[in-house]
Amino acid sequence: MTEPILETRGLTKSFGALVAGDDISIDLRKGEIHAIIGPNGAGKSTLIQMICGGLKPDAGQVRLMGRDVTGDSTASRARAGLGRTFQISALAMENSVLQNAMLGAMGALDHPWRFWRPVLARSDLRDRAEACLDRAGLLELRSRRVADLSHGERRQLELAVALTLQPRAFVMDEPMAGLGAGGSARMTEVLDALRAEAPILLVEHDMDAVFALADRISVLVYGRVIATGSVGEIRANAAVREAYLGEDA
Amino acid sequence: MSFILIVEQVLNGLQFGVMLFLMAAGLTLIFGVMGLINLAHGSLYMVGAFAAAAVAGWTGSFLLALLAALMAAALAGAIIEMVVIRRLYATDHLDQVLATFALILVFSEGTRWVFGSFPLFLDIPDYLSGPVTLPGGIQYPLYRLTLIVVGLLVGLGLWALIERTRLGIQIRAGENDREMIAALGVDISKLYTLVFALGAALAGLAGALVGAIQSVQVGMGEPVLILAFVVIVIGGIGSIKGAFIGALLVGLTDTLGGIFLPELFKLVMSPAAATSFGSSLASIGIYLLMAAVLIWRPTGLFGARA
Amino acid sequence: MKKLLMGAAALAMSATFASAEVKVGMITTLSGGGAGLGIDVRDGFMLAIAQSGRDDIEVIIEDDQRKPDIAVQLSDKLIQSERVDVMTGIIWSNLAMAVVPAAVNQNVFYLSPNAGPSALAGPGCHKNYFNVAWQNDNLHEAAGAYANSAGYGNSFILAPNYPAGKDALTGYKRFFEGDLAGEIYTKLGQTDYAAEIAQIRASGADSVFFFLPGGMGISFLKQYADSGVDLPLVGPAFSFDQGILQAVGDAAMGVVNTSQWSKDIDNPTNAAFVESFQAEYGRLPSLYASQGFDTANLLISALEKADPSDADAFRAALKAAEFDSTRGDFAFGDNHHPIQDIYAREVIKEGDVFTNKIIGVALENHADAYAAECKM
Amino acid sequence: MISERMLNLTVIGGLLAVALAALVLDQPFTITLATRVAILSLAAVGLNIALGLGGLVSFGHAAFFGIGGYAMGILAYHAQTYTPLDLGLFTVAGTKSMPVIWLVAMVLSALAALLIGLLALRTSGVYFIMITLAFAQMFYYFTLSWSAYGGEDGLSIYIRNGFPGLNTLVPIQFFGICFVILCAALYLFHRLEHAPFGLALGSARQAPMRVETVGLSPMRLRLVAFVLSGAITGLAGALFADLNRFVSPTMFSWHMSGELIVLIILGGVARLIGPVIGAVLFVVLEHYLGGMTEFWKIWLGVILLLIVLFARGGVAGLLSPRKVGHD
């Protein structure tokens, strides 16, 4: 078995009496989509934050391509190849679609310490940004201000910005949230194709999408991983049915 | 330097700190609940002092003057909250800074328009004037002792209000979760007006109490305002406890620094140079204190993580 | 009359009189902190202009807001646009230092009704600069002289930590012959003096000299009176002036202060000034009002002899200082600063109003310490 | 409604035209006022980099304005009195040369901005506002008691500093210097705004999380912006001191910091021309309203309130609402 691209070992985090992460060990291997599911308050956001650098774990490790990145900042994890999309869009709302994508391209290809030539005249950055917008289906809207985009279009832009980084692994926080049925289907298609480029750690509420996409699923309840396995195994797991699916059904 | 002098200076620092606390408590409360930065807080301090001086001159009663200061500042606070401030909650801090800066101009020049350019008279009442002798033979002004006691009582009252009353529950809820308090069925705009008026009343009270031993004049609130900012930055913005500790720290640093720094430098340089250098350093002492606290804890002693 | 005078001033601020022959630019502090002093100087000055009956003197009044950069800008305006002949009005030494050297170098006359920084009395003196009030050290020197005559041998002295404060303590020490029990510089704008008072109490001094202008003095006096320390205080007139004495109240009673003017100086000019000022403005005149009044009268006396366009003759007329001063005898030294008596006064209560009474002369025919350094 | 480019050209051209007209009509004081506008604009353009582009509400930019002023004051004072400036390890001579003074002013302001920024940028929001304010106050109190350079009295420089080939004492020539520097700073602002740095900085203001997740550090971007901003405001301070031939602690006062923010808001936040419009309005209000009533600041306050509450794009926003996007 090859080395996992992204791996957590025994991640633990508590806020006062509330245990939001309890000895979480999961991994993400080449070519797969690994979905994390769990009821609200199960600690999914905390886990993502710990993986991406927004929160420091009380104990445990985050490893990216075999290297311990637990002490690194969000920015250096991003430079090491971690691409992330946000549940609530984190985009520069006053800027255009293209500008947002070019920010990603700048992060991937260059540094920001250039004070003179207009960024839009940088054809290398622009090519990368436009290619990614094209893949996310946004090329036509590149001059539009983000504040004027629909909710679904912003989700597409989230994805496009992550694509510009050409990361080694994606961490996606509910990319389907708020998309209509048609939007969900299209996003599912894009993600399905994407796993060949880089594996995806997918946190998602939309069970149809999860069952359609995931190679493996981990179930998080009260900060603990209670089960990890294939779609079939998880569907059949009694503990999962009781703790999670049972409630939902 | 005698023991008595040191005790007396510590009392002075305490008294200064307690008065700063009255100012800082209002500022930090308003920030904690409404997320608003209010530069015009110093103007409310001034309003309190002027109202007290006017009423004391008219009735001769210091207690009535204090009452007037509380009411005038609370009323002024409630009015500006309803007319101006409440339009600013949703906006960013930049707009708040600017609008409240504009309010300072309006208040200062407006006060000068009404009361003229000369300082007003406000004196300590007879029953609080003169020194008392403390254990150890320390002579200390009764009025300053009263200020310490009043300040501590107000602090205690504020604590009780926040921890023990229905209004306090709402205030704490407002600090933590704005949506929840609306869900509790609290009239949020009334709560905000009330909190703002409460903060203003504290500032007005401080203005009146201090006005009796200082000069009641236009612009008197501005130096105090900036000190109050330093206090709540040190204590942690939004924290009443932080404001209390921060105020005492600033009060003691400022008072003791001015006394002991020149003495300290006299050990290594000529008296004249020591006096001059020590005084210069003491005048920026509280800012150095602030910088030190910030290096150690960027959000102050009791501040939530930014 | 009051309305009329203010109306004239307001008109002068906006319009230009075609008939005016002499243009006077007044830059003074009319808003913000310290506005009371500027208002007094202006009122005293305008009273004298009105009483002179001359309608060929146009006074352009500008508010410097006590900001040096505004003062410089206004001075540029008065000189460049209004082309004034004479300037006056500045209260504060730092503003004077910003404005005066440049103004007098552009051939404008400057008559100072208040600020008298040492630099302008010594090496930086100028033929077109006249100070009608004092050199800044004068009242402090007189306080030192008074302390000697009162038999004090051990003074505690304090002043704010800024140039005028240092000059004050230097001035006091220049004349005081006793020892110093302590010397402190307080923060400028400080409002609480508990710490300093505690030091005074512990120092073993037999007297206290303080220079704390404006609100600082009010705060100090109130706190001192309440502290139970009963050492005699002596200070310059600034903290005991008519404008702020009412705000100090009982705390000032009996304190000795030094001044070159007092409303009870016995001469007809002064009596008439006090009476007419009170009739005009409904308040007792202050030291600053007397200085504004004297400045205007000096100007008028010179204008009667010469026109400012004839600079040498006008300068000589100013130097002669042949006018009836509210202070009695008045003469300029070689550096164009006054040589005058400086009185010791005591704060008393007349009915409900606090005011000062002369108790003696602290320094007679006193000139300043910097005159020798002036090469003019 | 006019286009932004048109508005920019009109305002800048207007300022130049006023100065030239004043020259023709022999109204030197109007040229002085125009110079004041140009310098205050320059200071606010500096602040606008931090505040407009970076979203950093610095309530302490008077610190850099004052440092620039004192750099000029101290160097010129030593030149004027022929005393060397003792820096501890070595001494240097003072100077009356504007370019040297400008360089020193910018370097010192940038250094101060670096130190203040390192501390203040660890926080954000209200903390940042209060901390920057407090540090400026620290400079204020320090210079107030710094007797070597006049303390509260400040320093007077009797003759304006020199610029090679020009007579700076002639109002229009000094205006010319300030105007050219202002135009250069505006051009720099324009380039910065559209350069990669501007995009990253603007994104750090709007979506700091996003900037981090593309591998950039918002803190470093802000620090660089703050330093650039401080340097330009410092340069303005040196010019301001030269305009007045005087420097004093009031340049450090918190009213100064407040007024710089006021200029930007009056004109329009993050708008290229905003600071210039703001400075024109402020100087005109100060000059003409001040001539009409002693209590003019009440009306200034009321006007500010109205703008904050009802005209949130400032004057530039009223005249030329911002269209968005590019291409």
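Order as written gives the chain letters A, B, C and D; numbering starts at 1 within each chain.
Methods note: a residue touches a chain if its C-beta (ideal position, glycine included) is under 8 Å from a C-beta of that chain, and two chains touch if they have at least 3 such contacts.
Here the structure is a predicted model, which means the values were calculated and not measured.
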Chain whose Cα centroid lies at the greatest distance from that of chain A: C
Comparison of B-D and C-D (more C-beta pairs in contact): B-D
Euclidean distance of C-alpha centroids - chain C vs chain D, Å: 36
Inter-chain centre distance, chain B versus chain D - centres from mean C-alpha coordinates, in Å: 32
Centre-of-Cα separation between chain D and chain A, whole angstrom: 43
Between chain A and chain B, centroid-to-centroid distance (C-alpha), Å: 48
Where chain B touches two or more other chains, by residue: 108-109, 112, 276, 279-280, 283
Residues of chain C engaged with two or more neighbouring chains: 31, 161, 185, 187
Chain pairs in mutual contact under the definition given at the outset: A-D, B-C, B-D, C-D
Chain C partner contacts - residues on chain D that touch it in the complex: 27-30, 32-33, 36, 141, 144-145, 147, 150-154, 156, 158, 171, 240, 244-246, 248, 250-251, 290-292, 294-297
Of chain B, residues touching chain D in the complex: 31, 37, 84, 87-88, 91-95, 97-99, 101-106, 108-110, 112-113, 222, 226, 229-230, 232-233, 237, 276, 279-280, 283-284, 287-288, 290-291, 294-295, 298-300, 303, 306
Parts of chain D lying in touch with chain B, wherever the complex brings them together: 51, 57, 59, 119, 122-127, 129-131, 133-135, 137-138, 141-142, 144-147, 254, 258, 261-262, 265, 269, 295, 297-298, 300-302, 304-305, 308-309, 312
Parts of chain D lying in touch with chain A, wherever the complex brings them together: 191-192, 194-203, 206-207, 209-217, 221, 224, 324-327
Residues of chain A touching chain D in the complex: 52-54, 73-76, 78-79, 83-84, 86, 90-96, 98-100, 102-104, 106-108, 110, 112-120, 122, 125, 143-145, 147, 161, 164-165
